[in-house]
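Note that the chains are named A, B, C and D in the order they appear, and that numbering of residues resets to 1 at the start of each chain.
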Amino acid sequence: MSNKLWGGRFKKKTDKDFEEFSKSIHYDYKLAKYDIMYSLIHVVALEKVGILSSGESLKLVKALGEILKDVKTDKFKPDLRSEDVHTEIQNRVEKKLGKLAYKLHSLRSRNDQIVFDEKWYCLENGLAIGKLIINLIANLFFLAQKNEGQFIVGYTHTQRAQAVSFMVYIMAFNRMFERDDERMERFCNNLFAYIGAGALAGSSISRKNYKEAIKEFFKQDIRAGKIKPLENALDNVSDRDFILEFLSILAITQMHLSRLAEDFILYASKEFDFFQLPEEFCTGSSLMPHKKNPDFLELVRGLTGRIYGNLTSVLTTMKGLPLAYNRDMQLDKEPLFSSTETVKDELKIMAKFVKKIGLKKDSISKALCDESLYATELAEFLVYQGVSFKQAHDLVGKLVQYSEDKKTKIKDIPDRILKSFHKKLDHKSILRIMNPHYAVSSKKSLPQHKMISRRLPKKKTRKNK
Amino acid sequence: MSNKLWGGRFKKKTDKDFEEFSKSIHYDYKLAKYDIMYSLIHVVALEKVGILSSGESLKLVKALGEILKDVKTDKFKPDLRSEDVHTEIQNRVEKKLGKLAYKLHSLRSRNDQIVFDEKWYCLENGLAIGKLIINLIANLFFLAQKNEGQFIVGYTHTQRAQAVSFMVYIMAFNRMFERDDERMERFCNNLFAYIGAGALAGSSISRKNYKEAIKEFFKQDIRAGKIKPLENALDNVSDRDFILEFLSILAITQMHLSRLAEDFILYASKEFDFFQLPEEFCTGSSLMPHKKNPDFLELVRGLTGRIYGNLTSVLTTMKGLPLAYNRDMQLDKEPLFSSTETVKDELKIMAKFVKKIGLKKDSISKALCDESLYATELAEFLVYQGVSFKQAHDLVGKLVQYSEDKKTKIKDIPDRILKSFHKKLDHKSILRIMNPHYAVSSKKSLPQHKMISRRLPKKKTRKNK
Amino acid sequence: MSNKLWGGRFKKKTDKDFEEFSKSIHYDYKLAKYDIMYSLIHVVALEKVGILSSGESLKLVKALGEILKDVKTDKFKPDLRSEDVHTEIQNRVEKKLGKLAYKLHSLRSRNDQIVFDEKWYCLENGLAIGKLIINLIANLFFLAQKNEGQFIVGYTHTQRAQAVSFMVYIMAFNRMFERDDERMERFCNNLFAYIGAGALAGSSISRKNYKEAIKEFFKQDIRAGKIKPLENALDNVSDRDFILEFLSILAITQMHLSRLAEDFILYASKEFDFFQLPEEFCTGSSLMPHKKNPDFLELVRGLTGRIYGNLTSVLTTMKGLPLAYNRDMQLDKEPLFSSTETVKDELKIMAKFVKKIGLKKDSISKALCDESLYATELAEFLVYQGVSFKQAHDLVGKLVQYSEDKKTKIKDIPDRILKSFHKKLDHKSILRIMNPHYAVSSKKSLPQHKMISRRLPKKKTRKNK
Amino acid sequence: MSNKLWGGRFKKKTDKDFEEFSKSIHYDYKLAKYDIMYSLIHVVALEKVGILSSGESLKLVKALGEILKDVKTDKFKPDLRSEDVHTEIQNRVEKKLGKLAYKLHSLRSRNDQIVFDEKWYCLENGLAIGKLIINLIANLFFLAQKNEGQFIVGYTHTQRAQAVSFMVYIMAFNRMFERDDERMERFCNNLFAYIGAGALAGSSISRKNYKEAIKEFFKQDIRAGKIKPLENALDNVSDRDFILEFLSILAITQMHLSRLAEDFILYASKEFDFFQLPEEFCTGSSLMPHKKNPDFLELVRGLTGRIYGNLTSVLTTMKGLPLAYNRDMQLDKEPLFSSTETVKDELKIMAKFVKKIGLKKDSISKALCDESLYATELAEFLVYQGVSFKQAHDLVGKLVQYSEDKKTKIKDIPDRILKSFHKKLDHKSILRIMNPHYAVSSKKSLPQHKMISRRLPKKKTRKNK
């Protein structure tokens, strides 16, 4: 560590192993953009309290602007000998401006900077994830629409339950992702960065000066509203709620992705045989020449471990920490970045993936011929004929059992026997009721005209139609 | 299990051990209130589609009302031989009305009922927890106000950092709890129960009929708005997002409680000696006669395990479940109830606890004499004199080191030597700067007039003044 | 709390809510047996140092013996007003013997007792779980043996991979459970209880006296060896490693159970259709009359959440606790008991369950006709003919693709075309190689004579033969 | 991915994003050493079954040996376009030997290789961690011995409890680490790698051939014993127990480290003031010039999140996976490597750290003057005088309270008043009993001659004396 932001009272050199151990530059460099933003606002504030002359301020803004440009054009390669991103940027300014750089770190603390940086990271990535979710929703909707009118077997307990429309099946996942998107949107709406907490006790720059500095920096940019006047300095530097909330939201999204993956893995098996998966997202076996494995879906399912683990990690780290900042908190970043990047990758690839899924319609049709799928409709038919539900349930249960024992289809049972189960039962009504069309059309509780997702941008859905 | 809601097709008796293993009545009886509410709405809907006559409907409403009354007056003792709360209520209706009861379970499924019940449980408990948080905030504020004007040592890294006002210290925790309350409020605002999903495929009762049934049931009750028309049947019966969100919110609240507990444990130690804990919440030792232990705070800290564990539990259970309902989902209730009841107890007792904390002002004053607490103020003083921060930081670091080496107070260092560190330093300025009054009053970034909590009901805060 | 083991210095009554909150009697009463054992040894030790006369000692032993008898005959109903099991037993002795009871709690601490009790709980339950695992292994082996000579489809990635013998398939689970059993056995072998740690600092009773007391108490009982002389008092009262180790072992066992459950759920689906599950362990649907759901397996899979959550819980609670005992540690018991009882129930029912599984041999045979299952054997045949594996892999991959495209079986492809893929390929060799008998018998790396479990008691396995 | 180990039947190119997403080369290259070891054994086996001529075998051994040398001399830079380490090594062999390389991957599968590789990783790192633990134990022992005869305050509930010897205090941590070491040793002793499982179904190479190949490869090397004949092929490729066990062991070690860290953070605070931490392992503040923060200890405490999170991660991933191999399992490696490397770093630095801790003996002595520390000894004194413990406990509790109320030391209370508490109490006995020498020497249950660690190598401990 060539250049530290501290050390006046230290006589001994930092132990090399510990120095490596405690560094964060190899991952927190990802926050450079936000850290520079903080510094740019801070320069304005320092000028206001007279610590910087307007000339000095101008030079600092220019130097910081140059570094920011490097970041944005991907030319920012951090010096891995720096302790952290704050030190790295400070060093770069020093290289450009010499001793003037020393004034930049007046009246502020890395404790305050880091929480500012992380909040902006969450904000920007929260918005990006929202967009990726919307895109996945659109592509799932595309898959459903491409197969409009298609029915599919609905399961409970991994046992065939009732026939449902494929659209409703797909839209079940879209409802999950819509909630994820809404949750993320609410999170972003309610997330605000604060400025001026110092190390823990506040700063001598007034709230008024900070407000003006923010205003001058952002000008008309609506993002100005995301920085609010400080509410509590001790709380601000030790608050990691937003990271836990962000990781919790991602954990729920990941859970949804794991369920989608599980269903699709099953549907792509030889046994279910409902889906043809796109080869571009499958792999083979180094030993078994015939294999086409749903690796993407398996990795998505398996990544649930990582995403849950990252949440556990930060929750554990934050347990029982005394006020205010503690170095333990440095360890929030790797799990945050890991979950963010992982979920973004999954969403991005999943959207491409689902669009290319093919339906094996013959195989699905064959499964839909399973009469037990319509037992419920048959029981409900009897209920509308005045039979109590318990009785109807018993009776149809026995009819199903009879057909299994006799290895015959219910529709092939002669009226005489059907009527011995219940007088209202006959071949004709069986035919009418025990099929997917009747099953689906008899469900009046489902929305008819709201099939398309609420979260989908209007234009997009229109185009899809 | 005397009486099951299924079994028509089953020839063999359920294994006794499995029956015990799979039961949920011993905990899900807590949902009876909400389950009856669902049934009452359902009765209206069944009448609308002609499955119940108005006479039958009336009888069912009366019977359900009687059971509800038992629940509300704590007279509802579930028969532990029942499989679950739905069966239990069904059986009670049957005992009252005989075969008419059989019609009650028409066109609906326990899959749909249970998610309805759990959502109302979350809603009611979410509101209750909000109130308990507000109460804790009020009592923490009371503690702070009782000690107005008091300073305290602010820590980072469990090392003395800077002097802060005791009000700001306490309000740091209040800020945390305010966010918890806001988070819970947002959760409740965005939580809606749906009706009519059947087992997974929807119901033959129309949306219109459901809407009217809800309207007729609730009349003017604003809670009517918390039941919305079904959006997706498969999703509805397999959605447990709200439980995960609820448990995540509680996990963050619990983390805050653990931090409060940790700080207060430290402050109650002989070494810190800042707090006198109320004896009513401490215990002694069976061996060591002198002990007065902060057991309540330790239990609160330790309970973090339970609350995190419950979140892990439901996250794990939900991983990779295929659509739609699976029996695994039954296992969401015990963690939900456990976290809810635990956090409610903690909040309730903590509120009483904090009100009775005494400050050991002599001991705190002694700690505030530690001059290193004001090193930052001294450095910033130099900055305002034109010294660059880096230089000021170095210089004060060396001055602190000097005073430690010489075992002398900085305020006792003669001007001659002070000036050798920097010409602007002298005894007079040291005296002016290195004390808590200056330290706190020089912080201009803190809010001055918003000390009281935003979440506190107006009246209460006024009374407290 | 009528009667506490502490309180001399306390002036205020304990807050009622806190008293309820901090109690453990409603669950730690399960440790009564072990707590009395500790007391019985302690009485001997107290006599040795002269604190008890031999007459007093005799009376205490008698009183404790009576309570122990109540515990063993299930007549021990704890008074829920007691703080914990130690207090409860102390109170009972007091009721029997009056003031003499006061001497019983000399020179020891609940901190020491509780860790002793918990270790014995783990020991006894560890052994019991070992037996349940062995029983499950035996029953799985029974299932395999009942179906000797049966083949089944082996999967990777939930895609058909290669044919394997059903025995090997079942024995894969038995290998997992064998490791669990071995792990538990090692745990029990290496677990020792200590005595004499006091609250944290040790006791004035000498090691020699303790050793003799243990010897006199246990006489020839081999369990005497499980109590060792104290190694470190501070460590002993704050050690919860054994609980974490126990919960980790159970977590791995639970993971195995979840995998077994998942496989069997799939195999019981209409789509795989390999298994007929025993009706006694299934349930139906309250709405869908035809359903027979694998609820037991789903609950086992879902319980993974509980078992993982309990491990997370105690790990979290133990994080960062200062030495020595802290009240947080009280919270280790509920997760410990919960995981222990849950896994015991699962193992017990699973053993009964697997024994009654029926194989749907027709359906399995049909699946085994899938030629792609033998692609690997075909490739390896070519390798033995001198083809490099990469080439053989490519070539068979293309052959599989060809047969899929042409919708023909490989065995129906004329020799002419086969030979165009590779000259060594012909109808005859295809027939010989592409079937489960060849596939299984060509695997020379598998053990032939060690099919039976190493962990199965000799007699049992012999009988099974 | 220039060169894959599969793909014969694939017509479409792998999607670029998915390819990146699914790669593991950027971390599994760490397994190269073990993967080559597997290959070297495999070459011998392939020769035995005639697939390789002895000339081919020799060439392959030479090529693999060259790659191994690169790995050992840190010259192995993996091509990040490779899919995984197996592919990377295959490609390198191909570059060296052309088509002969194609024969290397005969009759084996990456499913089998990876589990072999990971087991050796665990073995080697398990041994390395054992050594690091022993080293930490030695250095903690060094710290204790350097301060022989020193007493320190013993705490329970973070409240002063009883005086203990500093040696016993430090040895409490050593007992924890001894258990960690023993646990790891047992783990290594019971870990065996298997060979010949193929993808899931076994291999056509006989057990005898494998055994001979292992023997020929290892010659006299005792590590030969760590590879055992295959027990079950399906189990072998899907077994990750050893990783979960390894991560559980590390989680317990990490818990111990977090407790050590917490204690030392407290003891380094101005309030406790027992320890002088080595500056080389502390850092300062960028804002507050006086700060010397225990960052290393805080990071250790905070890393508990990472280590617990990694365990949660793999447990979650493994939940409910069907037999046999699934791609999800690829995700076990990053958590495994992360926990291994983290704990190694912590142990290594902690060992250096503890050796340099200085005791602030004046400050400790002052704390040891607190008379309440000896209340227990006083009560026990009375017990030996025939007072029942309950009475003695009450009485001393009141005496402590009296001295607190009167703000007087117990040793300054006149005999007259002492005797009013109990006739056996007087100034002389108070002086004799209420001091650390008496307190520590009266504890007869502690081992006297086994202070040194059982796990410490004999020579080392002798030298330390």
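As a convention for this text, contacts are C-beta pairs under 8 Å (C-beta built on N, C-alpha and C of every residue); 3 or more make two chains touch, one makes a residue touch a chain.
The model shown is predicted, which means the values in this text are computed figures rather than measured ones.
Identification of common neighbours of chain A and chain B yields C, D. Two chain pairs, A-C and A-D, are weighed by contacting C-beta pairs, with A-D ahead.
Between the Cα centres of chain C and chain D there is a gap of 24 Å. Computed centre separation for the pair chain A/chain D is 33 angstrom, with centres defined by C-alpha atoms. Once the centre of each chain is set as its mean CA position, chain A and chain C turn out to be 35 Å apart.
Counting partner chains per residue, chain A shows two or more touched chains at residues 6-11, 105, 111, 156-158, 161-162, 198-199, 266, 284-293, 295, 298, 301, 304, 308, 311-312, 315-316, 318-320, 326-327, 376, 393-397, 400. Considering their complex, residues 156-162, 265-266, 268-273, 284-295, 298, 312, 315-316, 319-320, 367, 370, 372, 375-376, 378-379, 392-397, 399-400 of chain C touch chain A.
For chain A in complex with chain B, the residues that touch the partner chain are 6-11, 49-51, 99, 102-107, 111, 154-158, 161-164, 168-169, 171-173, 175-176, 179, 182-183, 186, 190, 195-207, 209-210, 229-235, 237-239, 241, 244-245, 248, 251-252, 255, 258-259, 261-263, 266, 301, 304, 308, 311-312, 315-316, 318-327, 376, 380, 383-384, 388-391, 393-398, 400-401, 439-440, 442-447, 450.
Put simply, chain C touches chain B in their complex at residues 4-15, 17-18, 21-22, 86, 105, 108-111, 198-199, 278-293, 295-296, 298-299, 301-306, 308-318, 326-331, 334-335, 345-346, 348-349, 352-353.
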